[in-house]
């Protein structure tokens, strides 16, 4: 019999790393870490209790609760730890394992309507698993064992790992070594007997303030002379030298107001922060790449092959948006209009097209030398590339069905105001039996996902997360086997092989 | 010599209607009107001074200033008033006049980056001009003279007219007379010797709180039994019985914060409010349609023919967005990348496609029986239908070029915070010579137009203003002359005429 | 050890049904059948030798040869027959089996550049396998055993099965029983002790003249009163009463000319014919549905779930088209132009998006009560729906890269004409080293696939095969679980469950 | 009073140049010219009587007849000739004149369903009118007067002028002077006292064999060293040294068969030929550019500004296609299905979007220094760029509505064959009252325009005529005033002017 996640609590593990057994446990684990977090120009004393930050904590907490509610979906048996672990901490050892990630991701997208922030970490450990193995074989290093030790610790403690890849980059036309300021890409500034000292910054970090550890990785192909930029390492979120600047996003401060309707989705949100890395020390045991520039691009490739098909999570958000669009159409009395039904069908078609490519990438996974399973790179890029397009069209269709009210709705406080509330409730109701308040909630949810706070998670992140559109096109070009295809054409057209 | 707008100040006009000669004059004219305006559950004492409302006042003020800066563009000689008048108050007496509206609209879109709110009024007076003429001929009424008298008064005083068309509608599957609540479409509840009493509400009203008068019109085809719903009239914005609930929009409250960067466009914004019409009395001299149900649909058609090609204003906003996208690409050091240039070309192509259809609709205007010029209905609908699509794709492309920073940028206050500012400025700068602040401004402008406050003006309004997409499709169907086209096909295919 | 296909030749099987062991065998098996085939108003004495028909025979022959060349790809172990059988005759007993069909289909699309015509039969036997099982359980009939007997016979003899589903339909606004002419849907006109007599016609039949047997099935949902239309049966292609009218297609008669360049793809083509069914007798042993109207729609659903994801074959054709486009760009000296590369990437992206959805539908197959595997219906429909769109855009992009020459190229005979050939060869060559003839071949292949003969297979069939676009939209609507999605939205928006 | 076209027959004009007064006259004028025309490897004795070529002659004849039927539409008063002339020979002296070209073009597209081939000549004379004027001013040459003399001769004789611009180009990555073979761009090989000798070839020439004169022009920007390539001249179609290779197109040889149904459009077709220019002598009086390399790109720009908005002709073809799609839907009994209506609306929307941009380009014409009117370059390019996209989507939608029959229809001869005709007519009829033959005609017209012969005119020409898509993108980039747009963005974002 496998032990359940909640049963795991081996003695001897330090209190701080006692296994997290629920969403509530997870929230508690984040408290009191004395992080340097800034938002709107102010230091945030306790991020967990900040109304703007809390919804992102709730989203991660939902991943822990799902593991208890649906263990088949959200946990897996880890031969490394010898126990069931949260799927976000699991190394995929079969194609079905890789597919299971997608199923879990879609479900969490449905449950939270936003980014639940744990995929970067999951995809990073899966990429590092095989990469460290291959580096060791190429360079005789000992990264793999070191990484496994770290990973099993995480699995047993059931911690949340964030990833950190995107550097500030400065002039995007230039490589790290040609920047005016050498810090525009994160790099090692000192090597000591016990570890390395790292300096730089990471941009657009999803789910870092509410993680326990961050896996820092290079984000670009490196030249042989750029050894100091070839650094991958695990760093605790509360490491000295780390500062987090919480990104300000559309409609973020509505969370500071009373009431909940105007938020659209009051419980859940994503999280994006910038991390300043100010000469942070990392002991060797947490360093998984140091100077092997020849593996930097490979790390990016392996990570993005996982991460680009992880974006099927957006089909879960898409399910919510389709539902919201159907709901408001129903409330407006036009659920049976042919053009309304047709728009819902189109939204579904686009959503499932994304899902199809993502699932296919996962099903078509192959075993690595290290033994874990790596998704199909071409299909993963195709999946993500559709994610950079279809949610925008779906958002447009949802706004179409929502009507102008999505942008002109009076505030919740006007509905509550005795001077105006009665009249507003009279005029804002939809078909018979639909209250103005329910109509407002439906409309605000669509605003939330297409213009408001979770539009960052549904649209901007769909565009830029795991690489901007052009990054996928470059990768598709690399995988499209154009010479083989030219050969097929020549064979059928009757063209001999002798073309120069 | 024609007298200039500023010279017009005929004696005998009441102080309140002294001609407005500049943007500053206009702003002053709005003060002290004791309007019942509510926003976020609170009564707004002086809308002009409310930080959230003021940018919409500024946008209208810009239309007055443009009239002084470029009189050929933004004023016209009115034979009715015997003087040059602001083009927004002008009845188009030639196709070139109709085209000139488009040129002015694009320019104002470029200057404000948002909806400048005066087109509804302009389009409404142009529609009512010919409609009142035709009703008189059909019914022997005297609306046209009454309307001209009102109009000349507006022209001479240089006032801002808003329009009010969209009713709450309740169950959209039912006509006005079949609603559970008869007030779901605005209607006459009492006819007196001196005028009518009107009740109902109007939704999504652009530029009403900062107008002087509102032209209320029916928004739908009416049955013969729905005479009370066939009401068009002019009402002063401060008429007793009118209440304005200011719509809450994405990122609106950033205007309440200090600083300006996070606003993206600190000076200008649109305005959408809901108007509660609580038994408002309108004297006969301001009533331009009352009970002629046979002309309700015609009024909608004529108004929308103007208004749907008025949406070329969005190409002015498009110019700003293209510029912002080019700017951030330049700041990032990738201005010469082929995919970047290609995206700017695509944005331009889409933008000009909208402009082409709008201009064509205006150029192809025809004279009405009343003598003014009415745009081509089919092309006007085609213009607007493209507006419901292309700005969304342009927004996506702009966000693509902006990078993830459009959604993860730290706030202005973090840049200003001594604890974090220096490091942020170090890491957030772009290519050499580009400051973090300028980069933030460019990125925030793109956020403003695609997710933030002016996304309402650039996207939601593009979708729903002047009728949602399906409204244009219905009108295109009515104008597409399908039987003539079938005849063309039969002639070429050699099919005889006798098909049943 | 499993016996290979070629080894199978058990004694006792009638000569006519000796197992076919190669493409050449297959071609031989088609000869001398005395079929009633008409083309361009003339009876075709021997279809195998007709230059217009032969390329379609070659395409099917290629499926037999592939089974020898790549047995893992194109054959499978059939527990029913107790031997390896051609995959087109195999009942999928695992999800991997269903996926393997897709891999084989893509490969054959690459090898032939056209429709190879055997998928309908494969998909029909897989649908009938589970359907006959379920009918038997519902109605106590004995169809399943009867069907298995027939199927094993086909497997052992290695025959080609066509399918026949689409009826003439007459007035598409009316069901079978409301047509003026009862024959507009194929139906039973007589029931005898030994079998049934069938009358009607089937339209757009892919690969019938070159099949050995046809599986006739109803193509629509039926009412209880339409029992005579609920007929599924196997009929030998040379059954008395069957007449085949070969469809005339774009550029078909180029096959009657000398030379090969102008054909584009001289070896392979699809086949579409209309089948007149003139009181054809079918013995009971070949009847698999007779009067069970409640299973007609289910048969259509199961068949289309297979068949709509079978359209991944078009990604094989897409590979050829991408290759041809890359080839002509290379020949023209612009292979490295950024817009050229970008168009090839876009074509690949669209092609792989189709493949992704199809593969996903297959991987997500589930076991039926009968034990075989049925693809995911929603994803299969999504796959096909993309097939109705993307190949058209890919064709446009290929024509873009081909240049105007794709439509203005002089004929092969002009190249060969001593009066004009030398000059044409001088002016029609591309970059140095590329002959005019090779350039012509590349351009003609693109013409062939986008305007010419195989445009039927690549475009028209993509649009209408396995159901026209609207058919997929209806099915997507049925599978989109809109109430579940509304529930997700309500949960996040905070809307209680009590909405009427 | 202006004299009508038919009245013009001044004495003293050589017989060969007697004014053409009708389509019949025009056809007669083409006979007996002893042209060297080749098609399918054979010399064509009399092109006028060749069944494949004749439909293209008919299309041009239609332009002459329209001039008689609708003189306001298809003729104009020429101050140069002092008489009304065919609009295709008219220099536009007002924006309305430029617009009138578009109206005529759409009408002829409706009447012929194909390319009527006279626009290149019309656009070329309009471009040369102002260009020769400007060259004279820059270089003191005398081209303008020379050109006017030629032009008036054409106007009075009412001849058809073709244009010839596109060179073979060889390696598209290299300019004319860098080609291995100097003849890959047409050039002057000898200059004599009485004129020049020209060598090379021109590709994809629309309407040359059925023109009277050809205006040869350079097709690309030239370097100063490429003077011999800077040659523009008028050449009679029957000049010694010219050879025409008639392009072979999809379904061309159906015109050689008996019957008419299978042709789809039996009367009209386009024409594309390749012209070999084998040391052709041109006297100085017909030379309008010789060596002024600085004006080569300008000539291309001016010509394409006219020609790219001339592609509104395709909206006339679009009208036919929409009509055919509506017709077949009607014949099939589904005219009132919501998805059918929606597709017709979408087709109309796309068609009118093209028309809008084209009309706008014409309306926005500006006067040149020479006094004629030149269309807006940006809008003209936008018009054409939409033409490279929308007809393909319209073709897809038409094929959707046509059903599979568009590719599987039996031939006309099968309908006529006594052995098969009766049954085919029984099964191929549509809703009650619609004959199989009419249904076949409707379906074949759609095939003709989307896959068959006129697909070249409707699709391939839409893509490549007047420049391939990338040519428009380059021109849009040149006209998009990106720095002005960046300035607009900076102003609104509050960015100072000092960015490097």
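Letters are used for the chains, namely A, B, C and D, taken in the order the chains are written, and counting of residues starts over at 1 for each.
The criterion applied here is as follows: contacts are C-beta pairs under 8 Å (C-beta built on N, C-alpha and C of every residue); 3 or more make two chains touch, one makes a residue touch a chain.
Remember, predicted model here, so these are calculated numbers, not experimental data.
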Interface sides of subunit A and subunit B: same vs different residues, half threshold: same
Chain located farthest away, centre of subunit B as origin (C-alpha): C
Distance from subunit B to subunit A - Cα centre to Cα centre, in angstrom: 39
Subunit B and subunit C: spacing of chain centres that average the CA atoms, whole Å: 53
Residue numbers of subunit C (touch at least two other chains): 339, 342, 432, 473
Touch-based graph of the chains, sorted into line, ring, star, complete or other: complete
Subunit B contact footprint on subunit A (complex, rising order): 38-43, 166, 168-174, 180-181, 183-184, 201, 203-204, 243, 245-251, 253-254, 262, 272-274, 276, 278, 332-334, 336-337, 339, 388-389, 392-393, 395-396, 399-400, 403-414, 416-417, 419-420, 423-424, 426-432, 447, 451-452, 455-456, 459-461, 463-465, 468-470, 473
Subunit A residues touching subunit C - in the complex, by the definition given at the top: 99, 110-113, 260-261, 264-268, 319-324, 326-327, 330-331, 341-342, 344-345, 348-349, 352-353, 355-361, 363-364, 378-379, 382-383, 385-386, 432-434, 438, 441-442, 444-445, 473, 476-477, 480, 482, 484-490, 492-496, 499-500
Contact footprint of subunit D on subunit A as seen in their complex: 338-339, 342
